[in-house]
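First chain written, first letter: the chains are A, B, C, D and E, and each begins at residue 1.
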Amino acid sequence: MALIAMLVVPGAVGLWLMTGGRALDVATARVIALVAAVVGGAAAVVASAQRPVIDRAWIPDLGVRWHFEIDGISAPLVALTAVIGVLVVAHAWAEQPWLDASGGERGSAATYLGALLLVVTGAFAAFSARDAVLFFIAFEVVLVPMWVLIGRYGDPHSEAKRADASARFILYTAIGSTLMLVGILLLVWQAGTADFAELPAAAADLSLGQQTLIATLLTLGLAVKVPVFPLHTWLPAAHTTAPTAGSVLLAAVLLKLGTYGLVRLPLANVPDGFSRIAPVLAIAGVIGILWGGLICLVERDLKRLIAFSSVAHMGFVVLALASGTETGVQAALIGNIAHGVISALLFVIVGGLKHRWGSVDLAIVRPALREVSPRLGFALILGLAAGLGLPGLAGFWGEFVALVAPWNPAQHTGILRTCAVIAAVGAALAAAYSLRVARIVWVGDEVSADAPHRAADTRGLELAVVAVLGAAVVAIGVAPVIVWSVTADAVSALVGGAP
Amino acid sequence: MTLTMDWGLLLPALLPVAALALILVVEAIAPTARPVLVVLAGFGLVAAAAETIPGLVGDDDPRLTLCTPAPDGRCMWDGGALTSTLQLAILLSTLAVLALISVRRAGVIELVMLLASASGGVAVVAARDLGTWLITLELATLPVIALVAWRDRRAAAHGALTLLTTSLVSFGLLVLGTALWVTATGDPTLTGESLATAWAVPEQRTLAGLATVVLLAGLAFKLSAVPFHAWTPTTLTSGPLPISALLASSSKLAAIGALIVVLAPYDAVVDLSPGPHVVVAALVILTVASMLTGTVMALRQTEVVRLLAWSTVAQAGWILLPLTALTVAGRQAAAVYTLVYAVAGLVAFAAVRAIHGRRVEDGRELTAYTGLFRRDPLTGGALALALLVLAGLPPGVIGLVAKIVALRPAVSAGLWPVAVVAVVAAVLGIAVYVRWFAVLFGEPTIDAPARPAQRRASLGVALIGSAVLVVASALPQLLVGLVS
Amino acid sequence: MTSLDLAFAACGALAVVAGLLAVSTRQVVHAALWLVVALLGVAGCLLVLGHELVALVLVLVYVGAIVVLVLFALMLTRAPIGPDLVHAVPAWRRVLAGLAGAATTALLLAALLPLADGAVQRREISNKAVATELFGTWVWPFEALSVLLLAALIAALAVSRGAGAGVDTSSDRLLARLGHVDPAEGRSDVSQTGKKSKDGSGEEAR
Amino acid sequence: MIHLAGPHIVAAFLVGLGVMGVTVRRNAVLLLIGVELILSGSLILLVASGAASTSRWEASSILPLFVITIAAAEVVVALAIILTAFRHRGSIDLDEPLPADDSSDGRGAM
Amino acid sequence: MSALTVSHWLVGLPVLAALATLALRRTPHLAALVAVLASLASVVLATIGLFVAPTRFQGIIQVREPVQVGGIEMPFELGAGPATAAVAAVVALVAAAVLVFTRWYLEDDDRLAQFAATVSLFTAAMMLVVHARDLVLTLIGWEVMGWCSYLLIGHWSRKESARRAAYKAFIVTRVADIGFVLGIVGLVAGAGSTGLDAVIDAWSGPDTPATPAVRSALLALVVIGVLGKSAQFPFQDWLPDAMEGPTPASALIHAATMVAAGTVVLAQLFPVLVHADGARWLLGIATAVTMVGAAALALGQSDLKRLLAWSTVSQVAIMLSALATATEEIGPDPALFHMWSHAVFKSLLFLTIGWLSVVAGSTLAVALRGAGNVHQLARVAWLFGLLALAGAPFVVGGLSKEHVLVTAYEGAIGSGGPGVIVLAALLVTVVLTAAYAMRAHLVVTAPLERAEPSAAGDDHPSGMPSDAVLAALAVLTVLTVVGGLILITGLFDIHRASQWWMLLTLLLISIGAGVSWLARSSGDPRDAFVRTRRHRALADRGLGFDTAYRRLIADPVLGLARVVAFLDREVVDGYVRGAAASAGIAGWFAERGHRREAPSAGVGLVALGLIVAAGTAVLTWR
């Protein structure tokens, strides 16, 4: 019941808002969307706790079933999605992307909110799908609404950028997901089942060559979504252009689909094949860490900077996964969640700044946040600290365990240890760029009360959103056990007692 | 020689012919009673469609007729589920085209031609012998060529000429293929038994392969697969819009049905050694060339019908993709894909018609669609849905399912490199449709074409088609399960 | 080599040579006439092979009807009596076409010849047997063929008369009366219709 | 007794000539001649297949009859279309490109 | 109350205090008061801890089930032992003193509450490091300290120099932490657990999870991290710059927390370290270089606060050197003892100079000349602080330094280890330390020349601190004098030092002090040792290490970053744009091919298609 509510309520309301309810006025649409998000989110949380199962035939001829079930691996992600879903809808009170730069209306608020809800629904479905093909379909569900969010409600200043970013997003992701589809079909055909529960056993006797091929296709496809270097170039464009809520969803939910998929598909089903390509993945992840970190040192656009930092952070997650061990998967999962809340927090803040300032070009000198808007400043420094992996905040655990995991990997010890060593350098880069941002944006000279570019401090729902995310950052940082205890059993079942 | 004759099975093909005859008679008696004629035609199509239903629901019944007696028994008509599905789709899409032409304007020629081509299509998908196959295939094609030409426009004449010359050459190839087939197998039926016999002898095997390739080449024209596609953009843009819709839907369905008939015998030999590599290779070439050329060209079009025309070419590649597996599943998948494509294509054409009416001078540029979704939500919504289905993006889930369906047999047959090409094509395809989709969601402009006064029929077709797509998106099994 | 073979060779050679001339001559009318010769050669071949009925039908339908139609069409499209200079093609295209033809021939020969080893007994096929099969086993395609012929007839009639000439009557006459359409050509007055439809009172409103 | 090689050779040549004719002609009517040659070649092939052995249901006689009839139907329609095209384009040159801007003739059909 | 409970509270209380203080930031003084009270409570707790501390290390109780993260066990234990209790006590004490001082020193600062909260958090982090029996907890405390130091150093963020110093401090230590983290990662991965005992068990025995070379390498990595945090060569340069922070922050960082944390961590890991010769050599050489170099630089500083900073660098090197040279029997306690005593006297010195700087309006030697005359307590505190710094016998610093010397000697005569080098460096350092201590003393206590001492005391017109501050200073002074008595408690497990060493050091100190006395100048106190402006500038800039960091590390990294950004834009993204462009080009070609749309094109294509199909047939003949 909860599972159905979680999938149907936001989905149906979202669809209705995008089609029939487009003409709704802003106030009504917001309330409806928020109610839907809250109901869906609550249902998701309940479902994460109760673990109900839906399992019924959908397309028998393809062997695809409506099989939804939340297990330990997906529960934290579902909960994360639930929280983020409510927050992004609530954020519509703070930022109104349906208005253009001059305050005129450039789109329907209802459509915007509907798109948000649809993205959330897609994520719910993907995280709870227990059928490989169903997972793929759910994976695709988020594309169009996200495309609408970026292309239609993105940066009001540049139409060309919007078009470019949204096209990049959808095409890049589509190439990834279609490759993944080929991999899934190959896997499902060889194994004879699409059910996640039966797949690992069924795929166990595939030949190594087959496994490698399948793992390559799946990993390649999912790597786009993660994104893994060098398949990341859609991300900065999308993040820079998307409205705040879009960036938050993208970073906190959509990227997670990629890593979640990596855990669910290649790692769980074709472990031998996966471990053969793991070194490549690990190296790509590590290059991503350094690459993203280095670019962040010189990037001028704050939103792009955070996007590149996402590349770096996801590099850690990928590295952990590449180790192929239980520890690695645990690290990846908590790294996922942590990056979700941290980047969400940062994007809310930076989106807010962009909204206030008109641009987030770091080369433009503006009054320091610490001076003019202490709350926003505090949130920013919290986010940055978490981003650089400060212990006690969410980012630390994923990073630390992601360094431990490759030390004793399932295979390829030498390569993976080297990767871990290099990745540790990335952690220092993270400090360098995070504090670079802090030095430019957070601190600065004292400002007089009538200085230009004064940013109003955060208040109202924006403050609430920031507060919730900040609290989550601290909570996960202080007690990572809340995530690990949920995931532990599922992960050990999944990795199957690998060393 | 006595044949079994199950009239019930033949009715889907006979009823349109009966309606055709009735129309001619009524027209001769009462030349002014045009509405009656339209009703007659519609009734004929609906009745025929109704007759296909038993084929979809009854499962154990073999539904064979026109069989010669045992022991040498061969049947010339197979009305199984796959056949019935295609027949139903052909009849209904013809009905939709009839609606697009509009009740008020459909003349006796249109009615006769549509009915003839529908009955040809219905018959060709059920045919299991070369004679019926050849004749009914032409019956499905010739009236459409006439319909394109029957139009007093220079461009239409040009389009018809292009279509005609291509179809003539293709006909030549079909006959050549037929002759080769008979020479190779000594059998005018398209059955696995005859092929398997021929396959045992190397010389005959070679010839049978060649025959199939030549038949394939002849049919590829109807499917507008590259390199037999050149007529498609010209004809679809210059001919009347409803006829373009016909070419993109009913005609495609008939073509794929005919192709399935040709490829079905290969079930018997696909697992033998040596296998039918020639046929697979030919199909792969057609698939890859169509997908890539079609999408790449569609990407550059700014005129909507031309874009749809090139997308037809690309979709032909997708239709052929599952067939490369040469399995039952592959054929069913091709049918499903064609079905989805035909519905989506019809919706798109209907929407275009609902926007432009019969005025071609408005310029069917993409820019004219700016903001359509807000200006004209019904048409815009239907069009958007159709585009999403064609692109294979949720919420057009059925489009996505169709892509899965199409990829599956190819992947299972170990042709995953082709599948990887399909990935590229799919992404380019998304770019094509999203380009248009994006325009729909843009800001409405002032100089948009005025809404035609009478467009209920077009809109109705678009909406019914959309409804089909929506239902199928929620429950793809309804569509996917039809064929099995 | 039997006498049958010889007869066949003669007819075949005739057909091939005439066919070559038919496709290569620059004089359009000659092309049609060479086609007649080629078809006669083919009919001869069929006769040698023992299928009198087919040979007869070929001569009747093709030589008697189709080629005449073709000739008419050539006349109606103002084909010149001498060489057709309007539709001359460059030499490279001729070469390419020749190559394509040669390739096809080579391919078919390579595929067909291995099958034809040794001589076989010619089988006389009685017209009765053909009739029995035609109206027995093949009755269904035969009926379909009649529909096809009917459709082709109507199509040819309709197409050659054009849409404006009496079929789609009512509205066109109305149009003609309104002065937008030249009934003979069936075309509307371009600019006026264009303008009219812009303000929404297009022809649908008529 | 008859050698089957003869019919096969003639058929191969006729089809080849037909292909050549089809590709070389710019005149739409003459294109038909090429097609007819392809058909003739096929006819010989069909008939020859029956000359050797019993073909099922006398297909070697009946299929040619069908083909001839279909071809006749096709040619009739084709000529009608060619004439219409001639009326509108003023030429039956197959190399003539698509009329550049056809929006001038405004009546939408149907 | 068990020792374990105490340790939990010692960690938890400052955290709570920090939160409460932050929550009360609208009323800064109240907030600071809360922080002070909490810190005093910590002192009480720590004192209790001293009494309940077990004599030998044993206070570990399994609190809860260890967390299992895949194959890694994380027990998250705290523990308490005798040395731990002592260190915890001094940390609590120093923190309390600093907070008390802060309340006065930053009275009018609008971010007093934030500062106090940060100090509390800082204390908590140090307490965590001290009590951690789990390397992850150590790492947490370690990094949180780094972050807090960033906040404290950059407290006056309206000053560019403070912002830069904070940034530099964090980045330099963070770079060194690469090693720290990697070392811990390696140790943890080898042991399969993050628990300290598990790690020691796994790595100290003969059957280590990897070769001894790997063990050495891992420990060396940890040592690198320690060198960074403790501002040892080659990472030393951040610490003097960190003087941009408010003086209480410096007191905290230098005395009891961050800089000293490395000693605590290495002491915890000592059982493994003692078997890792490579790491000990690294540590020994780095500390030997540092202690001498930093002492020499201290001598040349024109700013007394920076002089103290360099002295910290030097003193920390001394503690660490004890760890590098200690044999297994001696153990880490001499180092911890020196850390303990250093905490006491260094906090005293910093707080005193903080007070004096308020009086003088600057920390430059020129300005501070004679500032000590402002109050008797200041003079006394300064004197005893410097005595302890110089290592004069019987004051706390002297005692601990003796033990370090003995340790180094034992190490030198024992086999292996960098004992000889360290011992030599130590002796040189003793001389230099005495010299700069003497100089500092001379400057501050020089006869008063100016009429009004509170020239620049805008914030504190009288320049007189509150009674609480005076009390805190008094307590610290007393402890500086009698702190050595802690040895009686046996909390530190230390062997007796020989009186010969005492005599030797006394001699060396006299030499150093004497030279300094002789070199004193009546004019500019900056001229005592460094005569030319150029050399002075060089000394003040720490021998130009800052420039070296920038040239050798920052600039290349930034250059690389620019290259990478370029590559990302033009190369990696190139294939995306290339794909788009090639689709466009393909479309263009295809469109050219279809431009005319003549009917014959269709026919031609069909023929072409036939040939292709036939060709395919030929190619796939069988």
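The working rule: a residue touches a chain if its C-beta (ideal position, glycine included) is under 8 Å from a C-beta of that chain, and two chains touch if they have at least 3 such contacts.
All figures in this text were calculated on a predicted structure; none of them were measured in a lab.
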Q.
Applying the touch definition from the top, give me the chains sitting in contact with each of chain B and chain E.
A. A, C, D
Q) Farthest chain from chain D, comparing Cα centres? A) E
Q | Higher-contact pair (C-beta pairs counted), C-E versus A-E | A | A-E
Q) Per-chain C-alpha centres versus the global one: which chain is nearest? A) A
**Q.** Centre-to-centre distance between chain D and chain B (centres being mean Cα positions), rounded to whole Å
**A.** 24
Q: State, to the nearest whole Å, the distance from the C-alpha centre of chain A to the C-alpha centre of chain B.
A: 42
Q. If you average the CA atoms of chain D and of chain E, how far apart do the two points sit, in angstrom?
A. 92
Q | Touching two or more other chains - residue numbers and ranges from chain B | A | 1, 68, 105, 131, 134-135, 138, 142, 145-146, 149, 151-153, 158, 161, 164-165, 169, 173, 180, 183, 206, 210, 234, 357-359, 361, 431
Q.
Going by the contact rule already set, what residues in chain D reach two or more other chains?
A. 11, 15, 18-19, 22-23, 26, 28, 31-32, 34, 43, 45, 48, 53, 57, 60, 62, 66, 70-71, 73-74, 77, 80-82, 84, 87, 92, 94, 96, 98, 103, 105-109
Q) Which chain A residues touch at least two other chains? A) none
Q: Identify every two-chain combination in which the chains touch.
A: A-B, A-E, B-C, B-D, B-E, C-D, C-E, D-E
Q. Okay, in this complex, where on chain E does chain D touch?
A. 595-600, 603-604, 607, 610
Q | Residues of chain D touching chain C in the complex | A | 1-21, 23-30, 32-34, 36-37, 40, 43-45, 47-48, 50-54, 57-58, 60-62, 64-66, 68-77, 79-84, 86-87, 91-93, 103-109
Q.
With touch defined as at the start, can you tell me which chain C residues reach chain D in the complex?
A. 1-2, 4-5, 8-9, 12, 15-16, 19-20, 22-24, 28, 31-32, 35, 38-39, 42, 45-46, 48-51, 53-54, 57-58, 61-62, 65-66, 69-70, 72-74, 76-77, 79, 84, 86-89, 93-94, 96-98, 100-106, 108-109, 112-113, 115-116, 118-123, 125, 129-130, 133-134, 137-138, 141, 145, 148-149, 151-153, 155-157, 159-160, 162-163, 181, 186-190, 193-194, 203
Q: Note which residues of chain A are touching chain E in the complex, please.
A: 168, 172, 229-230, 232-234, 290-291, 294-295, 297-299, 325-331, 368, 370-371, 385, 388-392, 396, 400-401, 403-405, 407-408, 420-421, 424-425, 427-428, 431-432, 435-436, 439, 442-446, 480-481, 484-485, 488, 491-492, 495, 499
**Q.** Touching residues on chain A, where the partner in the complex is chain B
**A.** 15, 19, 22, 57-62, 106, 108, 118, 122, 133, 136-137, 140-141, 143-144, 147-148, 151-152, 163, 166-167, 170-171, 174-175, 178-179, 181-182, 185-186, 189, 213, 217
